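This is the structure I want to talk about, given as structure tokens.
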Amino acid sequence: MFPGARDSREAADYAVIGAPLDISTTFRPGTRFGPRRVREAAEPFEDYDQHTGTRFTDLAVHDHGDIRPGDDAEEYLDFLRGAVAEYRDDGVVPLLLGGEHTVTVGATRALDPDVYVCLDAHLDLRESYAGNPLSHATVTSHVATQADQLVVLGARSGSESEWAHARADDTVRAVAPGEVPDWELSFEDQRVYLSVDIDAADPGFAPGTGTPEPFGLDPATMHAVVREVAPPVSGSTWWR
Amino acid sequence: MFPGARDSREAADYAVIGAPLDISTTFRPGTRFGPRRVREAAEPFEDYDQHTGTRFTDLAVHDHGDIRPGDDAEEYLDFLRGAVAEYRDDGVVPLLLGGEHTVTVGATRALDPDVYVCLDAHLDLRESYAGNPLSHATVTSHVATQADQLVVLGARSGSESEWAHARADDTVRAVAPGEVPDWELSFEDQRVYLSVDIDAADPGFAPGTGTPEPFGLDPATMHAVVREVAPPVSGSTWWR
Amino acid sequence: MFPGARDSREAADYAVIGAPLDISTTFRPGTRFGPRRVREAAEPFEDYDQHTGTRFTDLAVHDHGDIRPGDDAEEYLDFLRGAVAEYRDDGVVPLLLGGEHTVTVGATRALDPDVYVCLDAHLDLRESYAGNPLSHATVTSHVATQADQLVVLGARSGSESEWAHARADDTVRAVAPGEVPDWELSFEDQRVYLSVDIDAADPGFAPGTGTPEPFGLDPATMHAVVREVAPPVSGSTWWR
Amino acid sequence: MFPGARDSREAADYAVIGAPLDISTTFRPGTRFGPRRVREAAEPFEDYDQHTGTRFTDLAVHDHGDIRPGDDAEEYLDFLRGAVAEYRDDGVVPLLLGGEHTVTVGATRALDPDVYVCLDAHLDLRESYAGNPLSHATVTSHVATQADQLVVLGARSGSESEWAHARADDTVRAVAPGEVPDWELSFEDQRVYLSVDIDAADPGFAPGTGTPEPFGLDPATMHAVVREVAPPVSGSTWWR
Amino acid sequence: MFPGARDSREAADYAVIGAPLDISTTFRPGTRFGPRRVREAAEPFEDYDQHTGTRFTDLAVHDHGDIRPGDDAEEYLDFLRGAVAEYRDDGVVPLLLGGEHTVTVGATRALDPDVYVCLDAHLDLRESYAGNPLSHATVTSHVATQADQLVVLGARSGSESEWAHARADDTVRAVAPGEVPDWELSFEDQRVYLSVDIDAADPGFAPGTGTPEPFGLDPATMHAVVREVAPPVSGSTWWR
Amino acid sequence: MFPGARDSREAADYAVIGAPLDISTTFRPGTRFGPRRVREAAEPFEDYDQHTGTRFTDLAVHDHGDIRPGDDAEEYLDFLRGAVAEYRDDGVVPLLLGGEHTVTVGATRALDPDVYVCLDAHLDLRESYAGNPLSHATVTSHVATQADQLVVLGARSGSESEWAHARADDTVRAVAPGEVPDWELSFEDQRVYLSVDIDAADPGFAPGTGTPEPFGLDPATMHAVVREVAPPVSGSTWWR
């Protein structure tokens, strides 16, 4: 159980969902251990957040447990989509713990966001990877069929055609580490889906990630993005 | 390159084939690193074997390199089967370095052995596992369609129906660690396929294996099996 | 949850109790992670046991969860004793997962066994260790106030006075690795408490233990003890 | 021995004291290895410091060795306090290598500082933690009975009441990573005690710490604090 | 083979040369594994570089393999010098993968650069170290006999005489992490040799280095140096 | 200091000498850490040995500390030889903690034993290795110039000429793991030097060794050799 997520499904405003998918990881596997290790790492955290004056245990959070994958990724995403959709219908905010990045596709299919903001080293704009249309390297492409705006923060790796796509397509905005965007983005009246691929961070901070990509973000920047994704992207203090 | 495997394909009597499949591993992944780490571990080994008076470099050994998997196991086994069959047609003895145990199926489809001897903690006699008919837990079942005799040495884990199958089927002989077989088996005039699943060993000797199963074989016993698989199973000194 | 321990407390015949005590470990700490890692390691195990023809899930097993320690060992053992006593009153067999060896004292205080069999590298017959009367090095002394017979298998480390105590006291029998006892012990009509300190094993098989003591038992011997503790100690095949 | 700390107690101006206490660590233990590993890590360091033009071996430094703990924290702090007081009486500057942060209490009881500056992720302002009035989570509270000013740099974790205390109490100044203080603090004519809890650093730089708290300080900032703690806190270049 | 370095020696414009020397490492050995691990880490990298619009596989890169050392460093550097000189004569740019830093001496003896820029924690200006005139701690001294200008970026460790040398000698420029140089350096019409000692990085980013030196460079700064070493050092954006 | 080795040089009957040589290790380095880690591992051991009724602290043992190597192996062995010879002259028994196996040569040059018994995976009978006449792979050859009888227990790796040498030379007796010698060897009135190369053990028990050689000895056998090296080799119970 996620520490402090003591509420029943019925009483919950938020739901933690473990999604330990680990099928398409191409370099170094192990994403299947993600949800377990995230829950363990959260154990020593304080209940109280001094930035917002909130206690985690005052929030109504349910831990759904893990949705265990079989060997068919498409089938798995269907399960995930269904589980997320039920929470959505009940007005519950779903919080996924992956698992390979592909699980995001299950969630966005259920939630149909207007804006997709992700922290990611990779553009993930491929149509298919290693013959697989449903790989971690195709996540942004899949999400693009739902969201109107795609923002990839920390982007520093992609094929020639992915970068060409990112440059040509007005709905895609890729920001490299250290880059300051010259555009603004309003999230007002928008449904935003936020996704954190841990490889956005510099591998010095997350050495166990599946496809380490050097020269990434520092944790403070990623923290700022997570805490302030609501205000306009440019003009805020969180991006550097 | 496997240390000392310097011969060309044409000149070879033996071929080392890396098969880093890592799709159906259910507990702890990483079999994809198998061929690379086996080659590295072999680097400090002496060229000369005092038991047989043979120098490895006097043998004609070719290293085929790795056959890289995509995301479709059945397709991959077809590739493997093809590669192994070509070596077979040329009279070359193939030596596979896995990868998950499933790769054995590709090899036995090409080689059609009479007897299949494996060192394995698991019976692997399932028809399907986690919905997957081509999983590491179904290897022996697949091989059973080729081989007339199946011998599983070090066997200590299986479902109720796997053990029932092993007991009912005269062609299957499972021997637990510490058990002494009361039957003899002649390998004369038989084509024998020998497969070593590292989880046959006690996890103390192979802690990184994917599905550790306690109370396994010691390395000396495994060594004896590999060196003396030709003589009758019972009556030889290698099994204890 | 221990894999397969799905029964409610009311329906249970057996209860798994996590006891992650980690206070008196003197060399290398970490026993607090014991219950969690044991549960994780059990995940890939088969439900079925071919030796007895039993399915784990056919047994009625409840997982009590962990009893979290504060900083007072005596108080903690009182909690443990209470929890174990309640299961005992309900006719439920308690199975503790430690935690430092001291937790055994809480259990034996509740269960009052006739015979105490433990696998342990250390005699643990001190009255006090590092000024602490309730340390892992005093476990057997504490148990001696409850049990009539004490058997320490794998014993190979103790102070001069501990070995003198063990030799002088008829109720204590210490058996070193490789030693064959010349006495018999009947367990008939006796309540037996079995305790496994992982340091009984050779450190090659359990490198993470808190006070590694070389030249220990192999896993096969420990397995045999656990499976056959009921029949007389000498005369059985399990001890070598 | 700390590399280069070759002076006798009598000749010393500085004394390195190992304090490997590891009793109240609640999440991940191991602070007992602190003094040993710090001494080892210092081995390759140059004798000469180019910032100050000083050679370490020109300073008169004595290594007191480690003060080994028993199982009673209060008793241990008394020992520590005594050892530190003797050095103080001889005009020797004590340098403690922990051990859990609690050891600071022993030192400040002996030294009675005016100002306490610490680098710490946690406020440590609890009165008691897990029923323990002398835990690593109560360090600042204990020090508050000696020091007039308490400065916690890198602070980012505390309970609701700890943060309330920090805000209400004029003698406590907590500065979060990235925050710039709007006050000045003169250290002139003040006895300052400087304490470094390694969890002040971002866990990317100190992954082995007992209670990792994300989003911490970078080493350069910590370095600057240690080197320039004497000048006023604000107005100096070391804090960002 | 370095991923993508598929060209023959004859066709190549660049040559990757593994130089796994590991003789003079004084604190923690292991530099012998450098070339292998660098090649492995490069496997998941994209072929395409969005900064320059270049595909790695469009460049003509040859992998020379590793030049294996015996036990005589001077002899080894002679081999290296020879190998590098041959590439130089053919107009091929050599890219060395170390190995201890000493291998740089072999390369600069062949290439005779005007300017030597290195990222390094250590000045390496000793004449001899531990009685050894050809140690990793003497690299810059050796290079000084070839190059007219020596720039050490990230410098933070050296003996008193090394720092004195660095200050007195106009041809040596040492820049500490965080320092901004007040001089400019033109690389125009200069042959520049760039050397990256991984210990220039903060040990948080490169924990396995042989002689970890705290308070180092962050990867972004090192990346900027590598990408922009051609323009003048000061006045460019890459140094901070 | 080796735990319990509290005696002064003058009062000592035994001397522990650290010899952290790590120059000629060819596969995986790290022998330099040997003496330190052996001392650390000995910390939790009991003072009392129940087999002999002896307390370690009743023996007069001095810890000489480590003899630090420079970069010249021959020079280092000279130092070692000198240090060992002084102890010999004072009637003190030297106990070396390596370091690579080469350090044995320094000791036997000083002690001039009649019989050399070693536990070793490798014959080490080369005249030279990788161009180096003073490598870990030449140890037995060097010792052969002093000792009349050479016994290598656990031997399982050597070149063709080393095995030829071992078979042809009456003074060399190599015993493989599992082999039972058919000869007897009296140690009466002989000066015996006993050397333990940790790679004699199966790598499952000593995974960190420099050149792991599979199918080695179990610790119980090695223990027996060390404890009973005095009685005749065959006819005793220690060898299997």
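Per-chain numbering from 1; labels A, B, C, D, E and F assigned in written order.
In this section, contacts are C-beta pairs under 8 Å (C-beta built on N, C-alpha and C of every residue); 3 or more make two chains touch, one makes a residue touch a chain.
Note that this is a predicted model, so its numbers are computed, not measured.
When the partners of chain D are compared with those of chain E, the chains appearing in both lists are A. Set side by side, the interfaces A-B and C-F show unequal numbers of C-beta pairs in contact, with more at C-F.
Measuring from the averaged C-alpha position of chain B to that of chain F gives a distance of 38 Å.
Looking at chain A, residues 202, 204, 218 sit in touch with two or more other chains.
The chain pairs satisfying the stated touch condition come to A-B, A-D, A-E, B-C, B-F, C-D, C-F, D-E, E-F.
Chain D meets chain E in the complex at residues 41, 43-48, 50, 55, 202, 204-206, 218-220, 223. Of all residues in chain F, those touching chain E in their complex are 22-25, 29-30, 32, 70-72, 130-132, 135. Of all residues in chain C, those touching chain F in their complex are 26-27, 156-160, 163, 177-178, 202-204, 211-215, 218.
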